[in-house]
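Consider the two complexes below, in which chain A is the common component and chain B and chain C are the respective partners.
Our next item is the complex of A and B:
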């Protein structure tokens, strides 16, 4: 099972996203985080996240932009400045914002891709299916060498 | 999804057999976006910088998506990526690496330089066509591409 971080503060959105992804197969193990500070703690292995058995390094981060504490943009900026391979971790923005200013800024800060949360459950199922096909059947992932990232 | 401004896709690929298959894949996937195909790194640089015969952005608009082979005559794909990521708005154009090189060090280097995704060209032609269809579905239909200002370039 591939660990994926889903950073989403809205519990309803989280449930819907998780449900669509779970319909695909057991391919993903989703770890939910609800604010930007938690993402940084998780990826740096701080506090409870030191236990990589329970909190494995994810293959990818699905990141909302509007988050309490550090925003998605700030997380992205932090991540791309890390050394030892953590900087390569693919980040897919998944947000309700369709503003071109947000889209442009996300790419400027190094987002790998930018997806807008669809309005219906059927569209979300379709998004999850395409996401899985593209990223996990076709794409080649970088190595993160997280053991060096401490 | 958004009002359809058909944004340009730039394919940088020097092997003519591969390029032909990719163009066929785009046709099969009914990609309506204008597709520009360049065959070497120096030419791609000139196109992106908007110099020489590419100075007129109305005729040669900045692409909203780049499919980049790594082994190219002239500037390599890696060098082009490195150049792109220190530019102004050119930096934000998503780059999907599409190459036959599956060496993990090359994959890491491409991501370090800001590649958005890395695909290894499949061996047979039917699969190349299918991969291009998948690129179209994901990057053009599902994903939101950045906005690029059409800018008059000096000389």
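Our next item is the complex of A and C:
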């Protein structure tokens, strides 16, 4: 099971996304977080998230921009500032805004990719399938630990 | 080169210059001044060449006559000659300027000094009179006064060193409202407002003029009737040969009209700026509104569409024919709503965004639009546009326009046949016209105007899908780019939709 963080505050959108991902051949374990503070707590291992058995480090994060508490942008900013290797964690923005200002800002802050939530279920299925193929068949993942000097 | 020392002629015998004769010689030599004596009654007792020149009389014509013969009728009526002699007898001298009359009746302006002549015992033996002709100077003074007086556009007046008005011209009367007899002698601070007076502005004006030679400024002044006018003022200090301040001259111009015009202009431009700011703000609000519409409307749409799909997929087995149909309708409706929202956003955006124009390569724009089209039957679209043809346009808007037109052209074909669309370009007097010709169903003349309106559709949804906004977007975008659009069509004979834009620079 590959753990993936899905940061989505809208329960309907979450349900639809989860449904599409459940159709995939790979087994993804989706951890749903609903606000920016939770993401940071999860990735920092704060509170309940200290238990890495129950809450493992994800392979990547699907991040919405419009979130309560800290926004997607703030989460991204925080993440890329971490020096411990955590900063390499791949982040895909999955949001409803097609605004070029948001797209540019996301890439400025270090997002790895920017996806707009599609309008239909069929398109969402396609997105999930492509997501799997590209990131988990083709892409190489970085280490999230500090580099050891050689 | 040194000059040889002047040779001094031998001095004339002392007796000649010292004789009592010499003064008679003096008087007889002077021809620029009238110098003569009167007996105690005022009769003329002597004459000189100057007197002859000035007054015209020969000696033998005038000696013995009374000197009042030289005076004008008004002066005689006032008994001036007698008065002058009386004063001279008492005081010793009398100086006067005034008109005198010549033998031929013409007048001249005379400067006159009468002096009392006494014998060694102090008895009056007569009067000495010296008269100078100052007509020239008087005339130029008069001409100058006339000039100043006649100027009505400018208030020109003088003040004494204390700031009291000493002269007044018609311009001053016109601008400030006071007649000369109402204002001469009064202090010029009368023309200032109470606040200006309290603030000491009149004093400042005079002191500046005195110190620096002149004062120039603009400000509100008060007329006799209390009304205000905007004045341009120049005050100049007047000095005599020794440099002593003798008074001030003031020239005032009424610039109220100009000031009011300038003030109004400022007000208008301030208002314009306010409007622009308001419009920018209103645009910003519309942008925010459109953004939230776009964002927030589509979330429920996603839910409707997504869960309808989910029902079909996960529960399709449990649904009967009707159930599946209904779900299908829900999905289709949500897709249409999505299109509508997208088109509305696009239409609204066209009104607000700034549209900087650039030279856009036409084939590139067409290919970009083509790329975005879905399900284009192979061979249905042919392009006949020169590779280097450019138009002056907004790149994204142009692509959107072409996309909409191509989309229509490919859509409105006869049922059962394959669409055939040809894109061509022609130059028309500096502009480029892009023609999109289809062999489709055509448009009846009575509809060719309406189709460009928002939400106008000619067919029901079952025949041809569409939001009814596509052509409205085309028209609005062409308007924003200062181009034009139109259609040539007939039912059953296909349509040629065209757009026209200025030619761009070919690269």
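Just so it is clear, the second predicted complex is superposed on the first by the 144 of 150 C-alpha atoms of A that agree within 3 Å, B and C clash if a C-alpha of one lies under 4 Å from a C-alpha of the other, contacts with A are read in each partner's own complex, and residues count from 1 in each chain.
As a convention for this text, a residue touches a chain if its C-beta (ideal position, glycine included) is under 8 Å from a C-beta of that chain, and two chains touch if they have at least 3 such contacts.
Given the structure is predicted, the values throughout are model-derived calculations rather than measurements.
K.L.:
Both complexes share chain A, so when I overlay them there, do chain B and chain C fit or clash?
P.N.:
With chain A as the common anchor, chain B and chain C both fit in the superposed model.
K.L.:
Tell me which partner A:133 touches in the superposition: chain B (first), chain C (second), both or neither.
P.N.:
first
K.L.:
After lining up the shared chain so the two structures overlap, which partner does A:16 touch, if you call chain B first and chain C second: first, second, both or neither?
P.N.:
second
K.L.:
Check whether A:143 is in contact with chain B, with chain C, with both or with neither, and answer first, second, both or neither.
P.N.:
It touches chain B, and chain C stays clear.
K.L.:
Taking the C-alpha centre of chain A as the vertex, compute the angle to the C-alpha centres of chain B and chain C, in steps of 10 degrees.
P.N.:
Result: 70 degrees, to the nearest ten.
K.L.:
On chain A, which partner's contacts cover more residues, chain B's or chain C's?
P.N.:
B
K.L.:
Would you sort A:124 into first (chain B), second (chain C), both or neither based on which partner it touches?
P.N.:
After superposition on chain A, A:124 lies in contact with chain C alone.
K.L.:
For A:115, is the partner it touches chain B (first), chain C (second), both, or none of the two (neither)?
P.N.:
first
K.L.:
When the two structures are overlaid on chain A, which partner does A:100 contact: first (chain B), second (chain C), both, or neither?
P.N.:
After superposition on chain A, A:100 lies in contact with chain B alone.
K.L.:
Looking at A:46, would you say it contacts chain B, chain C, both, or neither? Reply first, second, both or neither.
P.N.:
Once the two structures are laid over each other on A, A:46 reaches no partner at all.
K.L.:
Across all Cα pairs of chain B and chain C, what is the smallest distance in the superposition, given in whole Å?
P.N.:
Chain B and chain C, overlaid via chain A, are at closest 5 Å apart by C-alpha.
K.L.:
Which residues would you name on chain A as touching chain B in one complex and chain C in the other?
P.N.:
The answer is residues 98 of chain A.
K.L.:
Contact residues on chain A for chain C in the complex?
P.N.:
Going by the criterion above, the answer is residues 10, 12-13, 16, 19, 66, 96-99, 117-122, 124.
K.L.:
Which bits of chain B are touching chain A when the two form their complex?
P.N.:
Those residues of chain B that touch chain A are 1-2, 89, 91-94, 102, 104, 107-108, 110-112, 114, 116-120, 131, 134, 137-139, 142-147.
K.L.:
Note which residues of chain A are touching chain B in the complex, please.
P.N.:
85, 87-88, 90, 98, 100, 103-104, 107-108, 110, 112-116, 127, 130-131, 133-135, 138-143
K.L.:
What residues of chain C sit close enough to touch chain A in their complex?
P.N.:
291, 294-295, 298-299, 301-303, 305-310, 313, 331, 334-335, 338
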